[in-house]
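Paired with chain B in one complex and with chain C in the other, chain A is shared by the two complexes that follow.
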Partner chain A sequence: MDIRLDQVSKQYGNSSGIENITLSLPQGGFTAIVGPSGCGKTTLLRALAGFHDIDSGTMRFGDRDVTKAPSRDRGATMVFQNYALWPHMSVFDNVAYGLKLRKMSRAIIEQKVHDVLTRVEIPTHDIKSRKPQHYSGGQQQRIALARALVIEPNLLLMDEPLSNLDAKVRSRLRVEIRAIQQSFGITALYVTHDQEEALSMADYVVIMKDGRIEQVGKPQEVYYQPQTLFAAQFLGESHTLKVMKDGKPMQLVLRSENIRLQPDQIPAQLYSEYPAVAFGDGCYSFHAEIGAPLFIGSTYRYMATVQGQTFFVDAEQLYPPGTYLATIPAERAYWFENGEKADTFSQVI
Partner chain B sequence: MSAGVELKQAGTPAPGFTGSIGRMIMRFVIYAFSIFLIMGPISSLIIWSFAEKWYWPHTLPQEWGMKYWARVLEGKMAESLSLSFGIALLVTFVCILLCVPLSYLIARYRIPAKSLLLLIFLLPQAFPQLPVFTNAMEIMYRWDLVGTLTGVTLIHLVGALVFSVWTMVSVFQSISVSLEEAAINLGSSRVRTFFTITLPIALPGIIASSLLVFLYSLDEFTGSLLIGSPFITTMPVYMYNSAMGYEMQTASVTGLLLMIPGIILLLLMQRFMKSEYMAAFGRG
Partner chain C sequence: MPNLSAASKGNNTSHSIFRWLAGVIMIAPATLIVIGLFLYPFMGSLVGSFRNESKEWTLDNYFYVLETYHMDLLFTIAICLISLVLVLALASLLAGWLRLKADPFVEFLFKIPLFVPFVVVGHAMRVFLAPHGTMNSLLASTGLFNPDSMPGVAFSTLGLIAALVWKNIGLTLLLVMGAFRGINSSYLEAARNSGAGSFRLIKDMMIPMSWGTISVAGILTFTSMIGNFSIPAMLGDGGGSQMLMIDLYYELIYRQDAGAANALGVISYIASMGAAIYYVKKVAKS
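Right, the complex of A and B next:
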């Protein structure tokens, strides 16, 4: 079932409201909303769950207008950051809760609970005697996922479900949640502040800032073709330089992994205020001072300085400090003029 | 490498040894001090309760016996005891009935002047008890409630509600809202969610708070004396009356008997009590 939001707004006293959100979640798709804290992503998720009313706009689940529907009628189940498993019930009762509300027969409930727990890889032999708090964090989140999935919801909502887990479990569960979502073929909306999570799990990534959508697209699209300054700055290890291009002051967003260094004896060509950027061979290049290398695992990270502005360069090679020619492929350099996207290819200054 | 291990082994016992002796002394001092504090006053009660004759300057009674225990147990005391328990049960029951919904509302919903409301509950405790109760007595005279069971129950409720609301609000606040939201978006109604999710999770806290209320009501003295006399004689009042008659023995026996339910209930409470519920007392 397609989920459509049209001009949805919700104002709060504080800043975490949402404004005029228009978004559609395709059937069976995994959509991730990513953005800094306070960007309204959780507000949007909770509005879809029906936990609070919206000020204006409409929300449709398929043909049905659910804008005014209470949470319990929507069939949009939520997976919470803190798992929200009920400590006084066994794992079986936790998962069976939604089924019991639907007045299903005992045998069918047993069957469904066992099936769903098997699919999320929770051993089912002792689920009637064990309480959820006796499981590890990763297992608890899988139980919570089973509880949300077992009633075959229209929409699965996940509110930073992995952020309470440690890094190893988190990266494993990313793959697992994605696989479970695909095997159920369920429409999912996933909120996270972790861009890696969003990019790696989702079919579609929504970047939000200050209650508005900045960009929507496939992970590769939003990563490689950012349409707004914020989208460019938010994703990847990005740095913004104020530079002079075609005689105009512009912002150049570049990502550490795209910058190549070439030793160069010629001192940086200095402009009065901004560094100069040259274009040639499909690359932009400029002179930068490279500092001491930091070993960060697979690569070295260099603090680079150009006209008092700093950025990081990631390179596998070890370079001694000094002046270098930094080059970026033109398609990986993102230009903005006063915050608006600007044409990338251009002549030498 | 083996040398290193040996060195380490040789090095460790010395500081550990002195440390454990120091800790043992500390512990002994603390135990001795607390036993002195707790058992000191009680020991005189125990001695008095078995003393049939004890005159100055004797350190211990001249004659021992069970006379006063027998007298207390067969006399009006049993009546007072059951009355006290009855009132305490009634107060606890009314308190749960009033405080569970009220505390839930205070904990969950934005109520205008929430802190003011909680402060009002605290007011009777903020002032010295005697003036509060004498004023209450004046009102109760007007309504013909002095010397009645209703009057005593009401005056107990004044204090009990404070304990109850403050503890239960913190119990409900300690339950994450997402636990309720999870039930609601699975299709449960608000009422059903309250009874199947919130209430069971809050139950240990509610029990602990009710035990406190029960004990408070059982031991309440000032209000019971002012409002209850002369017809309603609860255990503490009974004890006071016998002590006023310089019957130290009767007072001691009653005192010891009154301690029993308290000890039992406190032991029970420890089972249910979690540290977060105790936090309510810090704030209360």
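Right, the complex of A and C next:
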């Protein structure tokens, strides 16, 4: 079922909310909303769940206008960061609760609960005697997912479901949740502050800031073709250089992994006579002073300084501190003027 | 090194004695109050209930009390249980509703009885529920009822229950609401989008998650009802069964039979203790 939000706004007094959100979630698609704390991503999710009324706008699930519909009638189920499995019920009762409310027969409930738990890889032999708190964090989140999926909702909402888990379990569950969502063919909306999670799991990524959508697109699109300064800065290990061009202040956003280093021919004391950024051979280049390397696992990270501005460069090789010519392919350098996207420059500046 | 360890051992011994003394001093006031104001009078009452006027050991007091007041004992327990169920049900529904809707005015309204003494509640209910009281007068003013044929609820068992419920609902509501407000909202939201309405949220989520607090509130309410004197003295059916505290008052003041009064006291204590034992067992089980 296609989900459509049109001009949806919600404010909490003076604090952050959402403003004029227009967004479509295609049937069976996995959409991730990513953004910093307070950007309104959870507010948007909760508005869709029906946990709070919106101030203006409309929300449609397929042909049905659900703007005023109570949460229980929407068929939008939520998976919470803290799992929210009811501690006084067995795992079976947790998953069966929604089916019991729908007055299904005992036999059908038994079958559906066993099926869904099997699909999320929870052993079903003792689910009637075990409480959720007897399972590990990762298993509890899978049970919560089963509880949300068993009633065959129109929309699956996930509010940072992996944030409470350790790194290894998290990266495994990313793959599993994605596979489960695809096997059920359900429309899913996933909120996270972890861009890697959003990029790796989603069909579509929505970047939000201050209650507004900055950019929507496929993961590769939003990562490689950021349309706003914020989108460029938020994704990847990004750094912004302030550069003057024709007397106008410009921002150049670079990502650490795209910068290459080579020994510089120009002594550092002459740097001020050269432009901050030069263009040639399809690359931008700048003279940078590199500090001591930090070993971060797969690569080394260097603190680079260009005309008093600092940023990180990630490189596989070990370079001694000194002066280097840093280059970056033009298509991986993002230019902005007053925060608005600017044309890529191909001439020397 | 050996010297050092010997010295520290000495220090440890004096330190632990000091800690022990400090512990005794800390618990002494509470212990003395329990002994002086509860255990001593209770033991006096217990001993007194097994003695007759000439200080001989006997079970006569219990035979007399059980023969004379066994119906009143059953009546008291029944009234307290009915009132208790009503208080718990009403308080749970109200607390659940307030947890979901948060209405400070309604909350204030139901907390008023907390600050009204029992005797005032008794009198207010008498005025309100009497044969020609406020409620009947209001109903009669509609012209639909004949004021002379309307029942005096105040002087029936119903009036007694109404007063006990109203007086006790404030404290129960306070306790239950505290527990309900402590429930993480995500539990309730998960139930809501599984399809639960407000009543289901209260019945299936809030009450089972707060069962410990509700039990404590129930025991406090039950013991307070059993030991209450002023409300049964002012309301209820004078000709029918009485609450135990009225019987106790009668034995002590009119018949001046301390042995029988003590036996009644011990019986009401055991009835209250039954509730406490039930609770302790339930807690131990969970």
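Operating definition for what follows: the second predicted complex is superposed on the first by the 335 of 349 C-alpha atoms of A that agree within 3 Å, B and C clash if a C-alpha of one lies under 4 Å from a C-alpha of the other, contacts with A are read in each partner's own complex, and residues count from 1 in each chain.
Quick note on the criterion: a contact is a pair of C-beta atoms (placed from the backbone, for glycine too) under 8 Å apart; a residue touches a chain by one contact, two chains touch by 3 or more.
None of these values were measured; they are calculated from a predicted model.
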Fit-or-clash call for chain B and chain C when the two complexes are aligned on chain A: clash
Contacts of A:A84 with chain B and chain C, given as first, second, both or neither: both
Touching partner for A:R147 - first (chain B), second (chain C), both, neither: both
Partner chain(s) touched by A:L252 [first = chain B, second = chain C, both, neither]: neither
Touched partner set for A:L45, first chain B, second chain C, both or neither: neither
First (chain B), second (chain C), both or neither touched by A:L5: neither
First (chain B), second (chain C), both or neither touched by A:S71: both
Chain B and chain C contact sites that coincide on chain A, given as residue numbers: 49-51, 71-72, 74, 76-78, 80-82, 84-88, 97-98, 101-102, 144, 147, 151
Residue numbers on chain C that touch chain A, as the complex places them: 184, 186-187, 189-197, 200, 204-205, 208-209, 211
Partner chain A, residues of chain B touching it in the complex: 176, 178-179, 181-189, 192, 196-197, 200-201, 203
Interface residues, chain A side, partner chain B - complex: 49-51, 71-78, 80-82, 84-88, 97-98, 101-102, 144, 147-148, 151
Residues on chain A engaged by chain C in the complex (per definition of touch): 49-51, 70-72, 74, 76-78, 80-82, 84-88, 97-98, 101-102, 144, 147, 151
